[in-house]
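In structure tokens below, several structures.
Each of the two complexes below includes chain A, the first together with chain B, the second together with chain C.
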Partner chain A sequence: MKHVLWIEDEATFDLNRLAAAVNVTFKYKLTIAKTVTDAVRHMTSGTEYEVVVVDMRLLPGEDPRWKRLQDTNDRVLLGMELVYSLLAAERGRVTLDPAERPQWLGPQRFAIFTVEPEKELSDFLDVVGIDRRFYRRKKASLEQTTLLDLIEMVIAYRAGVLNPNGRQG
Partner chain B sequence: MKSLFEALKAYDLPVGVYVVRQIDGVDTLVEANFEFLRIFGFDSAEAVVGRPVTDLYGSEQTFEEFRRELDRAAAQGRVLHSHHEKLRAANGDLIPLEVHVRADFDEAGAIIGRTGVVVPISDLEMLLSDIGKVLHRYSHTLVNIRLQLDSVQKAISDGDDPFGHPFYAPTYQEADASFERPAGLLARALERLLDGIDANHRAWDALPAESWELLRLRLMVLENYRTHIPEVELWPSTLLTAARDVITTMHTVEAGYLPKQTVKDVIGRAKELEQLICLFDIHLTTAQLLEIEHEVLTARELALYSVRSRTKKETLPLGEIVLEAFRSLENFAQSRQIEMRIEQIGRRARVRVLRRDVVRAVQNLLHNAIKYSWSKPTDPVWIDVHYGVDPETGLATVTITNYGVPILPEEIDSGRIYELGYRGALSGDRSRRGTGIGLYDAQRVARAHSGDVTIGSRPASGYLDEDEQPYITTAVLTLPVVLG
Partner chain C sequence: MIPPLTEQWAATYLEVLAGVLVFALGVAALIIQLALPAYLHTLATRRGLWRRYTLSVTAIVGVVLVYVWALHPISDAPLTGLPALLGHALLSGALIAIVWMTVGYVRQVDSTRLVQSLVDECDVDLHRDSSFDDTLDSLIDIGGHAKAGFEKDRVISAMRQLADLVLDKYELTYDGTTLKPLLFGLETVLVHGSMHGSRENFREAAGVIKHIMDRLPEAYRDSSDMADLLSVTTALTIVVMEQFPMDGRLPATYMDILDAAPDETSDLEMFRVGITALNTSQRSHYAYEFSVRALLALLPAEGTLTGTEGNGAELLGLMAHLWFHNEGTRQLIENLLAVLEGRLTASAIDSAIGFHFSTTNFDTVDLLKRARPNWEHIAERTAL
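So, the complex of A and B:
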């Protein structure tokens, strides 16, 4: 079973149906991190995640480095900061220890699932190297399989079975 | 009227005064004082008097909405106060104004026009007013959704709801105990179906191979969801998705390959499970609506009525205010299975207040007490409400005590807990929602009445170093007492 990490504070509440669509397939072991602190802990737990889906608006959790960043900047997007720190350390405002950046980490494993419009994230996506096809915007009309489709798209792309138009085959 | 206007024009009034009359069926401006002309940027009365009043409105629609509101006020025999509108100035710009207007009648009681006053307001006040109107509509929508959910709950449960009262929000553990049996029955029915096709190769043709695989995976979900998914909150939606997938798949079975009774049995079991989880969802959604209803109402009140207060203070018994707030939140308390106890302590108090505001202040404190209480299905949770004259301070006092989510001492000492938009560091515990309006609003209202709101929070055990323990939180609202 492939491991997937979803960093999302609403995963078990308002977005629980999206998680259900993943769980019900019995193909993926879905781990949920509700804060940035939790996310870093899971990523350094020894589990290699095939896909990491990240929300941009996250809570800091207990780690004082993330708490301080939020306390000093009301408008900071901690999900974005986390991805910067993991994938583009020179742009990260929190410096992670080498042990907090596992070997398997790479932009091709990441997807962004957030309310922020894509154009507001274009610089960020370019810097961290996440493909724009792996960005999805949260909105009320989402299909239940949105998260599942995004996960399968990232996996298919890495397996080399994704056409340039984003379809498998 | 003419002579009155002539007299008024001699005074440098700080407000614009105008008169509208219906002339040939058209609402026409017939009088306007100097300040009115100044506000709208007209050089002289001739530039505007005699023109249809619709020329001053942004659109036909906004004019019609205003007329409807005025007609409603007139039918109730009242003045339309504090109507906020953007009206068109001489240069074409829309300017935010507050209008106070009264319909004028002829001797037969028919409306012949109106007399009003306009005052310029800031863009911020206009924005707040617009937000208030939107929230007002939302508050109606929430009530409507709740009533619709009520009907759906009755229809689905058919009078037999295992989760009890429609307002009650069962815990996920309680819900799972209810799902265990129907989930097990569906799993057994699926097992029988899948065992049957192993024994009968013709039955394979009833569905494509991928559908059989899907059914096999959904059976694994039904049997293993507790170990496969660590978050109990995800169990109902996962079971629901599994049940729906089974129903959808079984409806595609080719006739003649499987015993009808087997197909019927699987679909029937899946529908039982689906129905039960939907009922649980209705309970949760209703409880969420009850939770946000008060937040929306508070935000609406702040936006609509705080810009300019238009009501007068009344002298009221404190008990009447507390009871009104108490009753308005009984449903919300019921949804959390929280018992609210109310008692008068000490002498009765009378206070001179803006009723609407002070009732809301008490509601805010009660709402917080309910929201941040720990619920324990096995042991009813309480909230104590005490009110009366405090013998030590001589102030009218409402004390609300609850048992649950802690407020950190530094948040209280720094005063951050009273700031608009601030939510306590531990307030998001168990996905409690909030906007950080309630306590700010309650303290603001109390202080506007020369009173105050203070908060205290201490560990229930008395020992500060014990983690994960409930706190006893006390909110105290004080107001000056009216003597005599």
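So, the complex of A and C:
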């Protein structure tokens, strides 16, 4: 089974049906991180994640570096800061140890799933190099398979079976 | 002036003395009984607070009586002047002192102060022995007997404080086992005391467990404390599923902790979580979601399933329960069997049957035996 990391504080609450749709396929081992601290811990646990789906609004968790960042700026988007620190360290406001940035990390494994509109994230997406096709906006009426589709799309793209229109085949 | 001591006078006087003492202590005891829960009074007695209180009250009554003895009029004539004034002042003062001491005792035994004093004593124990002593048992006793809600929360918060003490102040002497009594104590406070915890208490406890997990130093990620933490979390997951079946968030919170753990939960415990979730399916909208999460947690990453403990026995057991639960869950297992293509063998099913027999899960043995022909058929179809 391919490992997928979903960094989302509401993953097992309000958005649990999206996780369930992934789980019942038994194709992916979906790990959920509810805070930035948990996310970094999972990424450095030795597991190589095929896809990392990130929400922009995250809680810091116990790591004082993320806590401090939130304390000094309550409007900071910790998900965005995490991705900056992982993929564009020069823009990151939290400096990660080299051990906290595993070898397998790369923008082609990332997808963004958040309430922020795409235009507000365009600079960010450009800087970190995440393809805009792997951005999904959270809204009230989400398809049950939104997360599953996003995961499969990233995997298909990396396997080279996704055409430029974002369709498989 | 000392009154002349006659046998009759002394007998009368001693009778009065005994009456006054019994009255003073009796009224105080009645107030305490009404104002304090019995377990707190018992705890205070054990910790010597009650003895200190009774000795003090007895001493005050004694002083008053000695004064009265000394000034007792020889004739029937009443006392006048300064001695009478002093007598009034002493009697009133004694009464005020007894009331003040009773209130003080009640406040001292009030669980907030008692809990804080126990935390302080635990700090001393940790400083002296690098481990918890009987003082922690007293705190756990209070928590177990405390009413659900605010009273239990107070103890749970104190336990969080103690965990922080171990991991911060006494970090250098921490050896990966110190938190054991605290972790199991948390379970006692919520489940094994005379009062069960409320939904909010379980939520608070989940926060404490996650806090401890996050704070455990990197070197102790696979320590005995981490194993105990997972064991307690699993036990509480099962309890919340059974106790609050309509609440999807609470079991999810506990399962999230198990998922976030750097070490893996024991497969047998995860099997129990899955079975419990399934058993609550009539009462809970979330039961199947938790069963699927348990199933995924039991799925070994790669390699052939041997059906032995920790490598498929528990997974196959849970699959058997789901297979016979309803059509939907059977469809789910069919999907899983397709994913397991090439990894499941007949001997693995036999091993799993043997495992569940030896652990007295006879229902699971029965279900596995009944499912085997179907599974073998599906396995053959998917190229086994």
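As a working rule, the second predicted complex is superposed on the first by the 169 of 169 C-alpha atoms of A that agree within 3 Å, B and C clash if a C-alpha of one lies under 4 Å from a C-alpha of the other, contacts with A are read in each partner's own complex, and residues count from 1 in each chain.
Just so it is clear, a residue touches a chain if its C-beta (ideal position, glycine included) is under 8 Å from a C-beta of that chain, and two chains touch if they have at least 3 such contacts.
Everything numeric here is computed off the predicted structure, so don't read it as measured data.
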> Looking at the combined model built on chain A, do chain B and chain C fit side by side or clash?
Replying inline: clash
>> Tell me the contact category for A:F26 with respect to chain B and chain C: first, second, both or neither.
In response: both
> After superposition on the shared chain, which partner residues are touched by A:S45: those of chain B (first), chain C (second), both, or neither?
Replying inline: second
>> Going by the contact rule set out at the top, does A:Q144 touch chain B (first), chain C (second), both, or neither?
In response: first
> Does chain B (first) or chain C (second) touch A:N16, or do both, or does neither?
Replying inline: both
>> Looking only at chain A, is it chain B or chain C that touches more of its residues?
In response: C
>> On the A-aligned overlay, A:N73 touches which partner chain: chain B = first, chain C = second, or both, or neither?
In response: neither
> Counting only touches as set out at the top, which of chain B and chain C does A:E62 meet: first, second, both, neither?
Replying inline: second
>> Considering only the contact definition stated at the top, list the common interface residues of chain A for chain B and chain C.
In response: 12-13, 16, 20, 23-26, 29-30, 32
>> Could you list, by residue number, the parts of chain A that touch chain C in their complex?
In response: 1, 12-13, 16, 20, 23-27, 29-34, 37-38, 41-42, 45, 61-62
>> Quick check on the complex: what are the chain A residues that touch chain B?
In response: 11-13, 16-17, 19-21, 23-26, 29-30, 32, 59, 144
> Contact residues on chain C for chain A in the complex?
Replying inline: 211, 214-215, 248-249, 252-253, 255-256, 259-260, 262, 286, 289, 292-293, 296, 299, 301, 332, 335-336, 339
> Quick one: in the complex, what on chain B touches chain A?
Replying inline: 217-218, 220-221, 225, 228-229, 231, 233-234, 237-238, 240-242, 245, 428, 431
